[in-house]
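Paired with chain B in one complex and with chain C in the other, chain A is shared by the two complexes that follow.
Moving on to the complex of A and B:
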């Protein structure tokens, strides 16, 4: 028995080393940095709790946090509806369904930064074919980009959840005279709960950490109306060159994300128990 | 840190003496030079001319303008800065304060031409009395005007405006031509563009924007309010192209190259790029509301990467860039503005009166100095752009008052 345990530990070691090296160590370093005034060159000085107390005075951070929450709600709702809709459309094996599955999934193959640049080109007044001008709908264009880029991926995850539901359950329901809506609400949704929870968690964390799309498409504008939390962290680190402050905000964001994710999972476990 | 660096330089100098002829800094070393895309062609021209006459080799790498500061910061974080790097001159106080450039005070004070090196640039590369950077390129803000549109509007293309009010009148007249022609254009969603083109009008009127230490701003001054009001009117009347409101910088040059803009303040280095598109362009100093003239002495500063082990060889290159050979045969020859004030009149500039105008402005202009300049004025999330947007498109009085407080706070942030 002990031998088995040792073998198991050995198998887990490579992964554990990788996680420690590329996740745990940087995480501890960020926490350590957040306690210091950390210059780019030269030695850091302890300045606890300045990096944390400054967070309260950062007006930009407040508006960015509010915007990020709004963005997260919008994206999570829309992306979930679109992705679930697409998954239901291509759920059953029919003629030509493979084509649509591929078509819906295809945008995932485009790198996110490339996709953002693609939209920037499409929406540009100078070179783009679409007639947008001036301030334009900055948030709207980002939402459109994210839907286009991520709907296919989430559709795929939801599709695997859908296909894991045994066909006989539906057949039994149909014999009992259940309507399509009843089958969806009483069978599909309850059996999909773990998959739905996974997808929602990924959408929420992804949106709270949004950066690329805003950095490339809107630069946080116009008038800071699309400045996300991570953009503020970027500004602290690479514009103000204050690594300690950036680390401080990162730690706070990390704690909030951890709390949020554990709440989501707790909710999921309770309901599926 | 400085002691360690000095030791490294000393060790290297000794090593170089052993391998090469006594004290030579031109010993066949390869030096890396980083620059932003906007400056790439000038950096490469310097490098080519230097490489042709020296055993050292300069290798230039350029990065996209917007990503460049982050690239430098991450390189500094892992202590692998290049041997030399150039940066927007307004960022120089911050880089000097952060110790990203090596101290070159001794070498600089020994330089025979040190008194004629553009003083505002030298000041920008100074932190706590020590020199960290030299000028690399000079870019001045000037009025650029379309000579054909001037003629078409019944204006004399040889008589550019002498006051900012005259500039507005000219713009209105040209705007009357109609069609897709507009009187003027500006970067209304770009903090860097606005400071570069509007501050000279404040300076020309005898006003100031920043104090000498870069810790207090005066954007709530009457001079500043007047300048903003003038541009605001031009936008409201539709004389300034509607594209001005959203202009973030990247498409600014393209708008002027289109030949549909009458007169607009912009960088002097664009003169060639605009004329290359067949737009006959005049160049004039940026005036104040009722007269006077000034310019924002922009461009790039260059220094030795603090983590470089080749400081002596890198200085050899920097010292060479201050030579007449470099400033006249490289910079002036490609219609640039020499950074040595004693070379403002040279055999290339005398062929084009517009260059004489530009070169003469260096002494009249300013380079604002502040350690937190980028975070306050150039960064799109900084408080300056918020104030600018309010002053041009929102409530001007409150925007400038509130903006000044926010800017002071940002300037003083440690």
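Moving on to the complex of A and C:
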């Protein structure tokens, strides 16, 4: 069946070209750029390892990294608890469940930048309807925004995991006299481990790369206290016009994310084996 | 959970989730003298508001991204789901790996690369990048959709003398329709609303997409922000997505349960 192999390869060619050109090449290019002094305009010059040694001296980068990690922990914990709670609430076919699911999921249709603008108004002193609006904590408003925008999406993924658990497992446990809490801890959580791992991975990577919400809602302030890592990359590239330095930070971030992902995958494989 | 606490909790939470949407709709039509379209008028006429060209740019980028994603992901999904060829598994894994390398980290390189290709500040260049970052989800979805089609369906078509392309178009595409709708819908949502990629890849205001123009109203304003016009912008951006979402709900729920989450 050689002809069939050729046909198959032909169908895969457009994807192969796009992935090579706009994924593999940029991946190599960002590493190459990080070894150079690479101004936005003008020709690059090799300056290894200046972009990397500068990272240690970049005070803003240090505070941004610390802030981004704190933000990631807060969001991952809260978002996971809320999304799991919603999924448990709407897991059974009952009257009104379709309406509830749609209501929780609807914010996903609103683009994240638009949602950030929505919350800018909603939480503002000038037009906001809430009694506690005003100069509240900047981080707090971003947390509310992210919970509203992403809880429904994660709920849907967790819901598919919940529904994949066979009903007879619960039946058997009930006959053995297990309490609801025991069933949740001994059956639901262990059987949902792959789904939980997927959801947590997405939450962690998404938060580590936060940009839109801070760019729009807090502008990184007050006093750079809500400046995220990706905002620093943007500033290096398009405010300080130093693409090499931006590439250096990107590479460090990429390596960290790769390590994190492989750790999560290793953890997942070991537990599900 | 008792019936009453289920209803009370569910309803309270539903109100919380729906409230911001309803509020932005209300805030966008509220004026000093009551209700009207003045905020929308300011959105489209103020010196740093949306211009028709920005909406046009967004439509172009969305059309290119949705069309491109559908074509590339359908072909690739068909290849991965139904054919064996050298390099198949490597290419499939490489495509999925895009998910693990969030594009914020390689956008700087893409910016330089598109410049080399003569696609600097270009809607086509932006669309190509958006297509690539839709591929992991879309190819995965389409592969699973094609795998779920009974093999006999395809074989009987081939016995009847259909070419592989004819089989794909006439027999397979109708069978994977829920997958296509889901892939197209998410490609649209991403391309219509995406903010960071156009912020990096588009430089001139004439090339801005609508969301860049709306955000610009906030970031370019020193001092007071025109919140009412901003909320009009939010509604303007959200309505096409919400409408599509509502219309296609049946299809993408089916697409999700039959395709994406299998295997």
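Note that the second predicted complex is superposed on the first by the 250 of 273 C-alpha atoms of A that agree within 3 Å, B and C clash if a C-alpha of one lies under 4 Å from a C-alpha of the other, contacts with A are read in each partner's own complex, and residues count from 1 in each chain.
Simple rule for what comes next: a contact is a pair of C-beta atoms (placed from the backbone, for glycine too) under 8 Å apart; a residue touches a chain by one contact, two chains touch by 3 or more.
What you are looking at is a predicted structure, and each value in this text was computed from that prediction instead of being measured.
When the two complexes are overlaid on their common chain A, residue A:56 makes contact with neither chain B nor chain C. Of the two partner chains placed by superposition, A:46 touches none, neither chain B nor chain C.
Contact with chain B, but none with chain C, is seen for A:240 once the two complexes are overlaid on the shared chain.
Residue contacts after overlaying the shared chain place A:253 against chain C, while chain B stays out of touching range.
One of chain B and chain C touches more residues of chain A, and that partner is C.
When both complexes are overlaid on chain A, the residue A:107 reaches chain C alone and has no touch with chain B.
Of the two partner chains placed by superposition, only chain B is touched by A:224; chain C is not. In the superposition on chain A, A:167 makes contact with neither chain B nor chain C. In the superposed pair of complexes, A:175 makes contact with neither chain B nor chain C.
Residues 124, 126, 219, 234, 237-238, 243 of chain A touch chain B in one complex and chain C in the other.
On the chain A side of its complex with chain C, the touching residues are 1, 4-12, 14-16, 18-19, 21-27, 29-30, 33, 38, 86, 89-90, 94, 96-97, 99-100, 102-104, 106-107, 109-115, 117-122, 124, 126-127, 129, 148, 151-152, 156, 160, 205, 209, 211-212, 215-216, 219, 230, 233-234, 237-238, 243, 246-247, 250-251, 253-254, 257-258, 261.
The touching residues of chain C, counted against chain A in their complex, run 1, 6-7, 9-10, 13-14, 17-18, 20-21, 23-24, 27, 71-73, 75-76, 78-80, 82-88, 91, 94-95, 97-98, 100-102, 104-106, 108-113, 128-129, 131-132, 135, 139, 164, 189, 192-196, 200, 211, 214-215, 218-219, 225, 227-228, 230-231, 233-234, 237-238, 241-242, 244-245, 249, 256-257, 261. Residues of chain A touching chain B in their complex: 39-42, 59-60, 124-126, 133-136, 219-224, 227, 231-232, 234-235, 237-241, 243.
Put simply, chain B touches chain A in their complex at residues 1, 69-70, 73-74, 76-77, 79, 94, 98-100, 189, 242-243, 245-246, 248, 251, 254, 306-307, 372, 374-375, 379-382, 385-386, 389, 406, 413.
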